[in-house]
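Labels for the chains are A, B, C, D and E, by order of writing; each one numbers its residues from 1.
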Amino acid sequence: MLSLIVWSPLVGALIVLMTPKEKVRAIQTVSFVAAGVALAASLTLLLNFDRGSAAMQFVERWMWIPSLNVQYLLGIDGLSYPLVLLTAFMSVIALVGSLGIKERVKEYFFWFLLLEVGMLGVFAALDLVLFYVFWELTLVPMYFLIGVWGGPKKEFAAIKFFLYTLSGSVFMLLSILALYFKSAPHTFDMLELMKPGVQSLFDPRFQILAFLGLYFGMAIKIPAFPFHTWLPLAHVEAPTPISVILAAVLLKMGVYGLLRIAYGITPLGFAWFLPALIVIAVINIVYGALCAMAQTDMKKMVAYSSVNHMGYCLLGIAGMSATGFSGAAFQMVNHGIITGALFLLVGVIYDRAHTRDVSAFGGLALKLPVYSGLMAMTCFASLGLPGLAGFISEFMCFLGAFSAWPWPTAISVVGIIATAAFFLRMMQKVFLGAFNEKWAGMEDMTARELISVMPLAVVTVWFGIAPKWPLDLMNKTIEHMLGK
Amino acid sequence: MTLAHYLTVASLLFLIGVFGALTRRNIIGILMSIELMFNAANINLAAFERFLHPEGVAGATLALFIMTVAAAEVVVGLALLLAIYRNTDTAYVEDYNLLKG
Amino acid sequence: MLNLGLLTPDLVLAGLALAVMLADMVLPPSRSRWLYHLAWVSAAGVLTAIVLGLGKPATMGMGSLWVADSFSQFFKMTTLLAAVLCLLLSLDYKALPARHAGTFGALMLFSTAGLMLLVSASDLLLVFVSLELVSISSFILAGFERSNPKSNEGAMKYFLFGAFSSAIMVFGISLYYGAAGTTKLAAGLAAPGPMLILALILIFLGFGFKASLAPMHFWVPDAYEGAPTPVTTFLSVAPKLATFAVLMRVYGTVFPSAQYELQALVALIASLTMTVGNFTAFFQDDAKRLLAYSSIAQAGYLLIGLAVGTPLGLEGVMMYAFVYVAMNIGAFAVIQAVGEEGGYGLDAFDGLSKRSLGLALTMTFFLLSLAGIPPLAGFMGKLYIFASAVEAGRWWLAVVGVVNSVASVYFYFRIVHRMFFRGTRGEPAGLRVGPHVYGAIAVAVAGVLFFGIPPEPLIAGVRASAHLLP
Amino acid sequence: MIEHIVFYSLSTVVLVAAVCVVTMRNTVHSSLFLGLSLAGVAGLFAALGADFLFAAQVMVYVSGIAVLIMFSVMLLGRASDLHLRQVNEQWMAAVLICTVSSAGLLKIARAYCGTLAPSAPTPDTRAIGRLFMGEWLLPFELASLVLTAALLGAVFFSRSEASR
Amino acid sequence: MIEHAYLIPLIPFFASFIMLFGGKEDPHSNMPWVGIAAMGVCLALSVSVFWGAVTGTVALPYEHNWHWFSIAASIAGRSFVYDMPVGVLIDGPAAVTLVAVTLVSLMVQVYSVAYMHGDVRFKRYFAFVSFFTAAMLGLVASSNLLVTFACWELMGLCSYLLIGFWFEREGPCEAQKKAFMTTKLGDSGLYLALLLIFAKVGSFQLSQIYQFFDKGLMPATIATVIGIGILAGAAGKSAQAPLFIWLPDAMEGPTPGSALIHAATMVAAGILLVSKTYFVFLASPTAMESAAWMGLITAFLAASMALVSYDIKRVLAFSTVSQLGFMMCALGAGGFTSGLFHMTTHAFFKALLFLGAGSVIHSVHTNDMRQMGGLSKKMPLTFLTMLIAVLAIAGVPGLSGYYSKDMILADVWNHDHLMFWILLCTALMTAFYMFRLFFLTFWGDDRDHEKFHHAHESPALITGPLVVLAVLSAFAGAGLNHDGLVHKLIPKPTISVMPGAAVAAPAHASEAKPEASAHQASTEHHDGHLPAWLHMTAIVLVLGSITLAFLMYRGPTYAAADAIKANLGPVFTLLDRRWYVDDFFYALVTVSDKVAALAFWIDANVVDRVFVDGWGLLMRIFAQISDAFDNLFVDSAVDGVGGLGNDLGVGLRSLVREGQVQEYLMYAAIAFSLAATLILTR
């Protein structure tokens, strides 16, 4: 079943590749079917997913490269399953958003589906080499998606994204290799590597080194200060659906890797790094929010807000408590949904106005009530308004970190205020005040845009009011993770 | 006469060859310098055979191979030079700079 | 006990080379294309013979100056494969003078035969002579576009550098003889001392010229740029890999007597080669030149496996070597396909995806594979190489390697960038590509994908072959 | 004593001629000195008792290669070249490199200060022949291939323009 | 009925959604009646709960919880799954507050039907009001501190929406942002307090937290920190010094909205929160004292500012701040009952004042009191109801404000005499400025004939609520004070063990307990009245200041007032600039903007350079050494893809002038000579 989820987009991609490029409609249909199959399949897993178990479920295990003991090993648990769901869901949403793509449609959908394969694979893979392969598989499609269909500086953004993330991940590769050779028998199997028997082979110094390699790869993806600067650029230049995917899924790969691999396999290295991690988390939060405050480009502002929000995840993780871990896991999902919606909404206005400069607008709420309402809701969700998705997870992150790191957590609260400040300022400039007559001809949201945003809005409210369902998916696994 | 004498001559000859290869502006000059380097190796071989390994003739035979190959190289080199000279009308290496990064 | 029978394939190929040369005199000029076909069929035939003979005990054993082991067979196969593909490419390469097809084919086969002998050689004399056969054939091949001053110039530089470095190597061999009393590789073990070390280093420099290791790499871009593209393709693959084979043989037999610092020296050269190759490639505006630097860098990666010197490193080199054949020839094949019409400047690639999406995608595949992005074959090769470095605890070497492979993405993607992000000059016109080029590309793509996604067959083959007879 | 005189005089000829090869402004002179130097090397071979090698050196090098080079020089040479400097700007670096290298090479040579020839030299032509026809048959044949290839190249490059 | 108490917040919540999404945007929509009906139901429910409490048929406190969600938690090494509850906790204060809130909200909504009629976003306004009320009711009734906080934040959102209701204008936009940000600033303190509570207690359920405090398990210092955090939150919401700056600006919203914010919802929330977590303050005298002083300072500052303002709504706003200061001061001084009592009565008369002012504004279309005057003739009903309200707030005996304020003064007198005198002074100022407002508006001559000419009495939908509220303003105080009802309904909570006792001598916990109880008992004994002489003095002084106001502002000329203003220029400026607190916060905002800009500059020019573009600085230096600096820029410009390693590339390239074969040979020779020299080391 997991294989079906992971590979169905690839099948779609190949079919797209073989379809003549004039048949736009057919290409779109194939893409939707492929992504839809992945989503449907991941939803059907819900029926059989055992929430009371911390073990890996739906495990598929085949030998891939016997000489190196590399396996094709897939499996999900409470940590990865929500992210698989998120990925499948956001992919469909982003596909809806992608219907607006008019040029080089065939290539676009091909790369898009390939990207989805990589993302789903990262969350499902339990073998380190397989994980790495999927991890890198996301890079190339992303490069093209940003570089061909992006904004004015797309080419620079694309290569910067690619090089930067690649330079992180190669160090991760080295750590993976080191783990392989240090383990006995040599294995890339994450589950094996987490077992106490294997763990006892890893002395603290080795764990620290291995952790640093892993962390470097993850930190760039997260992105943790000071490796975050690719993000604003990539976000700003990427086309709207790709920004959505980038924010909603790609950043999560870093945090997921940190929790699953860096924490799971090199716990001592992780523990050694904690003081630095908390500092980085605080910097991400405060500094990210401050940088966002200085932006006039809406997309860039949202991008920096991602830096800020991933800081919350790091904060939760740094607390090394169950609350913090679940908070971080939940925050990943929520950030994906909320920021995804934000990017979609920013895209809506960019499509109309061809500018994202906050000062170019004014009073749009008068003319576009639906759009403004949704935007306001999403902004409030992003700044952590209770009743919307971001609040609970953010709070849990703080809660988890607080007992271990009271002072850094207290400083991080400044980030919350700054976040509120820049979102409010943005809303004021864009939606409130006197109506800027320049945009008199602007239309409110179209059906397609609504279809792409509404599900996210619904989930935002749902998770905000009733977070029980997603949290129950994660709780057992996270308890188990800390129980070791 | 010790082996050291011969080795010294060979080394110096080799280095003179290196110097020539590095500094002669004319391609034929470089070729000649490289020939000097080959000859230095040959002196080495002959001397080693005489002083250290008199039981066989491998050194001298090796030297013969080297001579042959050096001859072949000179032939190819001069032919090449001829072809290039026809096209560019120069035999000076620094004029060969069409190819660069 | 000569055991010449062990070298049957090599000698047969040499004979076929002479046959091609003679056939040239017989055939009318209008049929000269047949000679190309004859050449590649010869190489392919010998390749088939070797493949069929794999594992048979009669094909293995020791000769006086040579050995035939699975290791040498492995590299003979890569060499022959490269030769076949390059001869296919030359069929569709228009700038080659048709009148000299026989010369071309014969020289290609000469150098192939030389390479095959090289990988079997267990005596420096044979190494030297076969290397010279390769070199002299290559000098001529590089200058084969006689009327093209660039080709002349490239060949001349190649020649001068080659002659100079073979003089250094010969000097080294003479010292080796002095130290060991013979030129057999195995004898070096018994004669440790400064002279032997100097000899080995000088010989290493000579190999370095062929394998394009820094600082003996300077000729590479010029020669590659000037040479006819099929020749460039051949030069970038076959001699390099065969040289690595012989280096490994030398390393495996003689180096243990040298001290640890020689390993460190090799490691240093490896990192220097990678770095120089990659970072100089950044500014190249000629596709062949760019790939020339890339091939220098690739040699650096290969050298990591050698510097590590463990069995895993050996396997890594072999693995990477095989993969390298597929991806590098593939990349050059696309360059030839594009360059034949628009020249070899990078701008010839502008908007290629609009002219031929398939070609652009395959080129992307090759470049990604060269850069080591999974799940393509190049990744598996690099994985192996870096794994060997990590296993041996040479962390810094692995770090230099990965950093370099990241840097390499930058210039590989300059081509990708042009293919996908730039528009064509004027209307996108279709691309006429010869059928043989397509054939070569197809083989390469199959290799890149097949050995990347299920690499096990290749790994198994490498494991089986990674046994050197002393 | 004779041995000394022979050695030193031959060495002086070889080295001085070699220096002239690399420094002479006139390429024709250079090539003449090359012949002289190679002849000196032949003399050294003789002094070392390598009679066959001496003969080969005289035939192949002195009368073959050196003459070939001389012809080429005359073919390509132009009077104006005499006014050009024949040594490029990097000569100082080259001197430095050579000086530095000489230290290492001479150190190796010095290791054999006391090594004397074990016995009188024996004629080795026969042994060489055996080797060529026996154990080293393959390299010998290969060398012929090398020459063939070189021949092919020479023919290819020097064919007249008519072939264009 | 009390088992349906959970409906009280839910009904208006759903009503607001119906109003927001149902029907079309129509200036004459009938949708508001949905909200009014909903609020009516809520009022009925609240009254039934209240009546049950009064008659004793309902046992208070009543608590009922449902499971919300679970989180894995670990506190002090103990791991467990915490089941987050969501539920209602109705105690005496809640029962009273629910009635006050629903009643005022109902009145406001009825009033608004007329007041807001014809506005383009008519329907939306009512949705916001309902939502606002729902959030407040949720805050009042919640049994869980996290839910309380959630409602608290939602109220922040509602205030944002209501204050900026007319967002086409610049003023409301600035004001709404200011309100949200200021309260957010305070909220961060509350946020930390919540974190701290959970980190120590492991629960958010108020009753459990109370248990924890009750047993004296919470260390005093932590309790203090928590208390200060809560106070920070309360200061934001209840506009205490120094965070009161948003409230006067909040007047940019529709007047009935202001009434709601000032009387029933937003500002009362802070007071209510402190009362809900009063045990924290009981455990920490420092926090308690801070609350008292914060309230006192607020009360005084705000009253002083109200003295000079000419904007009728601003004066009311300052008066709200001042009155909130009274309440906070009372709570801090140990007057739990009096503080909440005053909150209730204040809800009624302040709502009345705002609605009355709204009626006036509705009629004359200006906020400036200098353009009013003599309106008593035109608007008799408004005039009368306003008179009751003004008398009530001034504390004239018999009206509701008198009872509650009297009780506060008594509590403060028992706590600290200095505080009492300042507070009394403030009370006198209150009487003065309220009557100043009253006289300026309704007394004297019409100063602006045009406006006066158009003035008229408001319709019944406006005056109706005024009358209802006037009745309550007049009699609620007396009614609640009757027979000590208020003490019964709003008993002061206690904690049985002071933290120090439990921590210092855990072994003797049983002995410590009676001691602490004794301490409690002794504080409760102060629950007396003011000494009679003081009481009388206060009343006389209040009447005196009313008279003073009459003398100064009865019109038609205001020579005395002008003279004072002229003579006390600097003081006026100080008050007019609101003690420069606003300027301080503007400076803060400016500074934070600068910091943000700096951060971004660093990001773009340092972090990005160092960590991304090449291996940054190092390579740049390398390139410089290679004397290839110009190339660097040329190349990046040409490529457009300046990036990783470009610099190193330039450096390496500059080492070799390409194309010269002899230079190639040179490098080979260098390698050779290196090899040769390597031998020297052997």
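Assume a residue touches a chain if its C-beta (ideal position, glycine included) is under 8 Å from a C-beta of that chain, and two chains touch if they have at least 3 such contacts.
Since we're looking at a predicted model, the values are computed, not measured.
Common neighbours of chain B and chain D under the contact definition above: C, E.
Counting only chains that touch, the fewest steps needed to get from chain B to chain C is 1. In terms of Cα centroid distance from the overall Cα mean, chain A ranks first.
When every chain is reduced to the mean of its CA atoms, the largest separation from chain A belongs to D. When chain pairs are compared by their number of contacting C-beta pairs, B-D comes first. In terms of the distance between Cα centroids, chain B is separated most widely from E. Computed from the mean C-alpha positions, the centre of chain A lies at a distance of 35 Å from the centre of chain E. Look at where the CA atoms of chain A average out and do the same for chain C: the two points lie 43 Å apart.
If you average the CA atoms of chain A and of chain B, the two centres end up 64 Å from each other. For the pair chain B and chain E, the distance between C-alpha centroids works out to 93 Å. Residue positions of chain C with contacts to 2 or more other chains are 125, 129, 132, 136, 139-140, 143, 146-147, 156-157, 160, 164, 168, 175, 194-195, 198, 221-222, 280, 283, 406, 410, 417. Within chain D, the positions touching two or more other chains are listed as 88, 90, 93-94, 97-98, 101-102, 104-105, 107-108, 111, 136, 139, 143, 146, 149-150, 153, 156-157.
Along chain A, residues 155, 159, 163, 167 each make contact with two or more other chains.
Looking at which chains touch one another, you get A-C, A-E, B-C, B-D, B-E, C-D, C-E, D-E. Residues 3-4, 7, 11, 14-15, 18-19, 21-22, 27, 30-31, 34, 37-38, 41, 44-45, 47-50, 52-53, 56-57, 60-61, 64-65, 68-69, 72-73, 75-76, 81, 84-88, 90-91, 93-95, 97-98, 101-102, 105-106, 108-119, 121-122, 124, 127-128, 131-132, 136, 139, 143, 146-147, 149-151, 153-154, 156-158, 161 of chain D are the ones that touch chain B when the two sit in their complex.
Residues of chain D touching chain E in their complex: 88, 90, 93-94, 97-98, 100-105, 107-108.
Residues 156-157, 160-161, 164-165, 168, 194-195, 197-198, 201-202, 205, 208-209, 215-216, 218-219, 221-222, 265, 275-276, 278-283, 406-407, 410, 414, 417 of chain C are the ones touching chain E in the complex. Against chain E, in their complex, chain A makes its touches with residues 155-156, 159-160, 163-164, 167, 225-230, 287, 290-295, 321-323, 325-327, 363, 365-366, 369, 380, 385-387, 391-392, 395-396, 398-399, 402-403, 406, 409-410, 413-414, 416-418, 420-421, 424-425, 428, 431-435, 466-468, 471-472, 475, 478-479, 482-483.
Those residues of chain C lying in contact with chain B across their complex are 125, 128-129, 132, 136, 139-140, 143, 146-147, 149-150, 152-157, 159-160, 163-164, 166-168, 170-171, 173-175, 177-178, 181-183, 221-222, 225-226, 280, 283-284, 289.
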